[in-house]
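What follows is a pair of complexes built around chain A, which joins chain B in one and chain C in the other.
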Partner chain A sequence: MFVFIVRRLLFLPVVFFGVTLFIILLMQFLSPTQRAATYVRSEAQLRNIDAIIEQYGLNKGPHVQYWNWLKQVGQGNWGFSKATGEPVWASFKRRFPATLELAILSFIPTMLLGVWLGSASALNRDGFIDQVSRITSIFFWSLPVFVLAIWLLVIFYGGLGWFGLGQVTTAHSLEIIKPEFQRYTGFMTIDSLLNIRFDIFLDVINHMVLPIVTLVAIQSAQIVRIMRSSLLDTLTQDFVRTARAKGLAESIVNRKHALRNAIIPIITLGGFTIVGLLNGVVITETVFAYPGMGKWLADAAVQLDTASVMAGAVFTGILVVLANMLADVLYAVIDPRIRYN
Partner chain B sequence: MKKLVVLLAALGVCFAFAGDPNTYVEQSFGDVDTLDPVQAYDSASGQVIENVYEGLYGYKGDSVTEYEPRLATSYEESADGLTYTFKLREGVKFHSGNAFSCKDVEYSIQRALVTNPPDSGAWILMEPLTGLFSDANTELGEGATDAQYDEVWATIDNSTVCLDANTVQFNLVAADPAFFSKMLFYAANIVDSEWAKANGMWDGSAATWRDFIGVDLRDYHLQNNMSGTGAYKLVAWEPGIRVVAEKNANYWGGAPSIANVVLQQVEDEASRIQALKAGDADTVALGARSSLPQVEGQPGIVVMDAAKDPSLGWSSVAVNAVFMSQEINSSDNTNIGSADLGLGIPADFFTDIHVRKCFNYAFDTDTYINDVLDGAGQVITMALPTSYLGYDANVPVYEFDLEKAEEECKQAWGGRLWDEGMYLTFSYNTGNSSRQAVAEILKSNLEYLNPKFKIDVRGIQWSQFLDERRNNRLPASIIGWIPDYADPDNYIHTFYATTGYYSAQTGFSDPEIDAIDEQARTESDPAKRAELYSQLGNLAYEKAPYILLPQGVPFIVMREEVSGYYRNPMLSGGWLWKDLSKN
Partner chain C sequence: MDISSQSVSAQLANPKVKKTWWQSKAMRRFRRNPLGIVGFVILVGFIFISLFAGPLTSNQLVNYRNNCVRDLGLSRSTVTDVQNPLKMAFWRIIFAPPNSCFNMPRDGFSEVPKPPSELSILGTTSGGYDIYYGLIWGARTAFYGGIIVTGFGLLVGIIIGSISGYFGGWIDTLIMRIIDVIFAIPGLVLSMVIVTILGQSLRNVIIALSIFAWAGYARFLRGEILRVRELDFVDGAKALGARSPRLIFRHVLPNSIGSLIILASLDIGTIVLSVAALSFLGLGAPAGYADWGQMVNFARGWMLGLPGQPFAYWYVIFWPSFIIVLFVLGWNLLGDAVRDVLDVRS
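Then we have the complex of A and B:
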């Protein structure tokens, strides 16, 4: 197991160089003027384009640009994000915890709901719960994220006024922005508790409800469907029949024998789901004005803000490797055959 | 399920915030780029800067022609127009606690001239005070001698001189009637020199000035820290999320009424409208007039619309036009097809006045106003906002007339255009739907005239749009201009003079217009200037270098609790926060 983890970790530098070199090379398809677009916000600024290109070294060859970037990264400087107006690292530190918080709090209910509903529907095949869960999961799976998000926003924020927009209310934003409010971890839920501000904690949770509901509704639909078919498949296999033939109670057959085997594809999917949550929350974050990573990186890509895109790609690459590694470790925990091989 | 509902309801604590008279909340989609007044060149950044920093003078309320003293108390202009002397206000303190004096003015202006970053608006000060446009490195080029640099420094050093602690003198290289209005631009706002120097900014000396030429000021302390003299001081800026400011209790003009100002960035318009309705935002940015019905008549929301209430007197300062390039780059350019009449157009296609007139007559203004501007539009007769000195409403315009268009097109290129036909593309930057509509309107009318006329409407990414424009590869494109300073020269020269920024790009040149423009640029009598611009407008009508598009009509949506706002088109935010109050 140790060797396996080390081998996976050794893959990280490959990902780092591969992804960043690829982006630098891709940028070469654009002319220096196109690469300068991130600095030129109106046609009027075009008049100084030569000086802009010169200043930011946009006409240099890819090897020079890449080397300069590597040198900077080596010194811990990830460059300046034009999309936000601050160093990339500062944007990352500010936004990553917000998205991670949202992702974790969405991931757990997504998996629990997905597995529970998926297995309930497999075990009650064609029963009431199965019909309901199949229809709702198809409904949510095919529903565009922004539609659901705007519905929720209009009903629960605009109409009922139960939940807020953004990360905290304006009143609290005036407090958390001051130095008296210590940002120990960057996670607002944890920091508000560490500052012994339960009112802010509740407020933060309140603001996360709608984004979480949106993400869970849409992400868990997929888990439900995979879980259902995987369990149905497992239930027809020989070892399940054998277990039943041995006279084991139905609940033990289902839980200990069938479920444990059926859940393996869900673990793979779970790895992707967390990566997807961390990356793909762009629309949810935009609609709910939630200050996370997704919004930032999408803006950066559109504006050709190379420094942010590079950092975002490295981050995503590392995340995918780690999530896969975690999924593989979990396989071994769940499936002894993998452990012993 | 029941438990879930109870839980949700328990979490759903409704924070009634609109009633808080101490906090003003504005939601918009613009990203603040920088808080450094010299580096800034966009309205989201400008809005924060104009409330935290101050210039020597400022616009008076909503007027673009009347000014009021801010950090100065009076000024004098020499008879030859080359020297401006300002008496400075005494007893003013910066937010850091440092005292304001002439040294800060000298430092602030010279800092703009020394750094003059290429993507900033500092060139506005550079031209009158040094006669140069770009920063010293770019102007002098590679291999410049120390003596040449010394010369530039001498000009910069001499441009702003402290006569005593409370008197500053500006020395211009040539008379410039627009100089005073240029000094109202935020690049000329006064920063706290001691504080800036102590935090790694240029130390103001001749010894180090060359290290700061053309630098990216985003790498320095003033990028996200501010110490000005304004009625508000910066609390914090969380990029892409919010800017928070609080009132400056020691403001020389008296502390403002509202204690906190929060600018929130909310990209989604539906979300902003919900926030306005809920009272979480006092005002929100609406992308287009078509969104107005969603907020009109809603409880607690006031909509002020110059289209419904002309007495507001609001007009737009944006001038948009279809550019018809007279010197298209024809090498391997698919935008002009075969590069000859018939299956394309020649590179000098638009040099024929009949083509330009034909296109002008073919543009259906009413359709544009109804479909794109949602029924509220103002036709302009020249490339100048109606509120500006020199605007002449009596200059004729090309009204939509397909018969006249046909007549002109038949005469174009000695009749060849009509017989052989044409193909070209109209380009716009994707996402800009009003520009797309302009292109579609022209396409359908021109293609209707003659089946041999073929036009493709092409949406391209902003970066590619810039690239193709720079290389003159777009035969026809739609571009806008918003002012840097409130002087007609900022438009007229840009659009019509041979050396003007936009006219040079289209290749438009007319000696008669140039002569009038030169005269108007240095004429200090407003009445004479206005007369000259009117002449120029009439000439420009005859030459038809552009298709001028009608302007949108401005509106403001605001919570009813807020009062004191107005609309000054020269302010990035429309109004100053210090003038607001809330109950």
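Then we have the complex of A and C:
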């Protein structure tokens, strides 16, 4: 197991260099002036764009540009984000907790709902619950993120006016930047409670409802489908029959024997769900104007904000590798038949 | 040679063995799956719509000012030729429509959408574009994008996957690590970067998605080849002196490629979704091109309606999103049924 983890961790540098090299090579399609545009912050610099090209070696070969970028990152400087108008690292520190909060609050209900509905479906095979859940899950699975997000927006924001866009209402957005409002953790839900501001807490939750519903509805559909087929598979296996033959109650057989084994594939799927969430937030956050990583990267991509895209891609890549590793480790811990060697 | 002719004669002798395709086990299982049949019907409908987009929009072609009619060499009085199979224009608009036919005709240039009327039967979206026309021709755009990306992904995936699976060793390791890196890349964001760099157009969206499309197929095929390679008949071929290219192309690939092509063709729905998502973010075809994702994007400014009338412009958002969902639903229903049929365990 230790060797397995180390081997997976050794893959992280491969991802780092692979992803960043790919982006640097992509940027070679642009002219040096276009590449320099991401460094321009003031009009004075705009008039002196040749100096920027010279300073960052943007007219030299890709290997020079890559080396310059690596040196810069080595010094802890990830560059300046044109999309947010501040250093990349500052944007990251504010936006990552916002997205993580959204992801965690979506991930948990996704898993619970998926496992519950999937197993209810399998245990009542071809029954009413099964039919309903199969049809709804295939429907939600087919819904594009942007379509569901927009429908929810039209109905619950435009029509009923129940939920807001962004992270907090305008009045609260002025309060949270005041120095009295301490940002202990960066997570708005926790910080508002620590500052004893329940009104802000409720406001934050109100703004997260629609993005969370969007992500949960689409992601859990996949879990329902896998959970159902996995449990149906398990229920036909010999050890389940043995448990029944020993005279155990049906509910115990289902819960203690079948369900525990059927849930194993879901753990691997958990890793994929995190990847799906990361892609999902790009569109969800854009539609709901939620100030997280997804919206930042979407803005950065269309503005060719290289510094942000590089940082975002590196970060996402590392997260994906770690999530999949965690899923594999959990897999081995839960299922003793699995050995990684 | 002997063995195969024997089995053929055995089949002929026993009529029970010989079954038509319709009665094969797989087809019987498929026919029992109502959801799969619904999906199949939806898709046949979309294929019909995209093939006959011209005849289906002949009213629009008559009533709107547009270049499509001119480029077909028709005039207002002869536009009805597109509905007449005896005329050349009918076949031309089906198999080789001029590019201008993909541009949605406009009822004025107003930013404000217009409700359904005699002229625009489903209303117009922002910019005066006819919604009905966009939906019909958008089906062609959807199939076009989905088929090219999947086809390209398959081609590259098959080549790289078979190299990787057959040769093994360091080549295999290198290819697999590259694929791992591709899977770790945030695909949507990088596709956006690629389209922005190459310039906003449908062709560049297709290029951007193709860059990432092959990796999954290559990995799947490699796994299949590793499995097939261990089977006895490959050893037999090797013992008879077959060389690697012959082994790959004559013995290993034909045994692994079938399921790959079926599974990949079912991905077209997902690919169309990605194209639509990029269009929705404003990175797709140029404004006015019949493209569902773009129509949803156009609707964004109007979907919240007017003060006091939140659903005043419901048609600008409802129709394009409805058609996208229906299209993807069709693929997924069919895909689910086919995967069930192919799954040997059940």
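Observations, loosely collected:
The working rule: the second predicted complex is superposed on the first by the 302 of 341 C-alpha atoms of A that agree within 3 Å, B and C clash if a C-alpha of one lies under 4 Å from a C-alpha of the other, contacts with A are read in each partner's own complex, and residues count from 1 in each chain.
Assume a residue touches a chain if its C-beta (ideal position, glycine included) is under 8 Å from a C-beta of that chain, and two chains touch if they have at least 3 such contacts.
In this text the structure is predicted, and so the values were computed from the model without any measurement.
Judged by the number of chain A residues each one touches, B leads among chain B and chain C.
By the touch criterion stated above, A:Ser251 is placed in contact with neither chain B nor chain C. Looking at the shared chain after the overlay, A:Leu30 reaches both chain B and chain C. Applying the stated contact rule after C-alpha superposition, one finds that A:Tyr157 touches each of chain B and chain C. Of the two partner chains, chain B and chain C are each touched by A:Leu304.
Touch criterion met: A:Thr286 reaches chain B and chain C at once.
Of the two partner chains placed by the overlay, only chain C lies in contact with A:Phe139; chain B stays clear of it. With both structures placed on the common chain, the touch criterion links A:Phe11 to chain C but leaves chain B unconnected. Under the contact criterion defined above, the residues of chain A that touch both chain B in one complex and chain C in the other are 30, 150, 153-154, 157-158, 286, 304. Interface residues of chain A facing chain B in the complex, by the touch rule stated above, are 30-31, 33-37, 39-52, 54-56, 80-86, 90-91, 94, 150, 153-154, 156-158, 160-167, 169-171, 173-174, 177-178, 202-203, 205-206, 209, 286-289, 291, 295-296, 299, 304. On the chain A side of its complex with chain C, the touching residues are 11, 14-15, 18-19, 22-23, 26-27, 29-30, 134-135, 138-139, 141-147, 150-151, 153-154, 157-159, 233, 278-279, 282-283, 286, 297-298, 300-304, 309, 312-313, 316-318, 320-321. Residue ranges of chain C in contact with chain A, taken from their complex: 35, 177-178, 180-181, 183-190, 192-194, 196-198, 269, 273, 276-277, 280-283, 296, 299-300, 303-305, 310-311, 317, 321, 324-325, 328-329, 331-333, 336, 345. The residues of chain B lying in touch with chain A in their complex are 8-9, 11-15, 17, 20, 23, 25, 31-34, 41-42, 117-119, 123, 134-135, 138, 214, 216, 218-219, 223-224, 235-236, 238-242, 244, 260, 262, 264-268, 270-271, 274-275, 277-278, 280, 462-464, 466-467, 469-471, 479-482, 484, 501.
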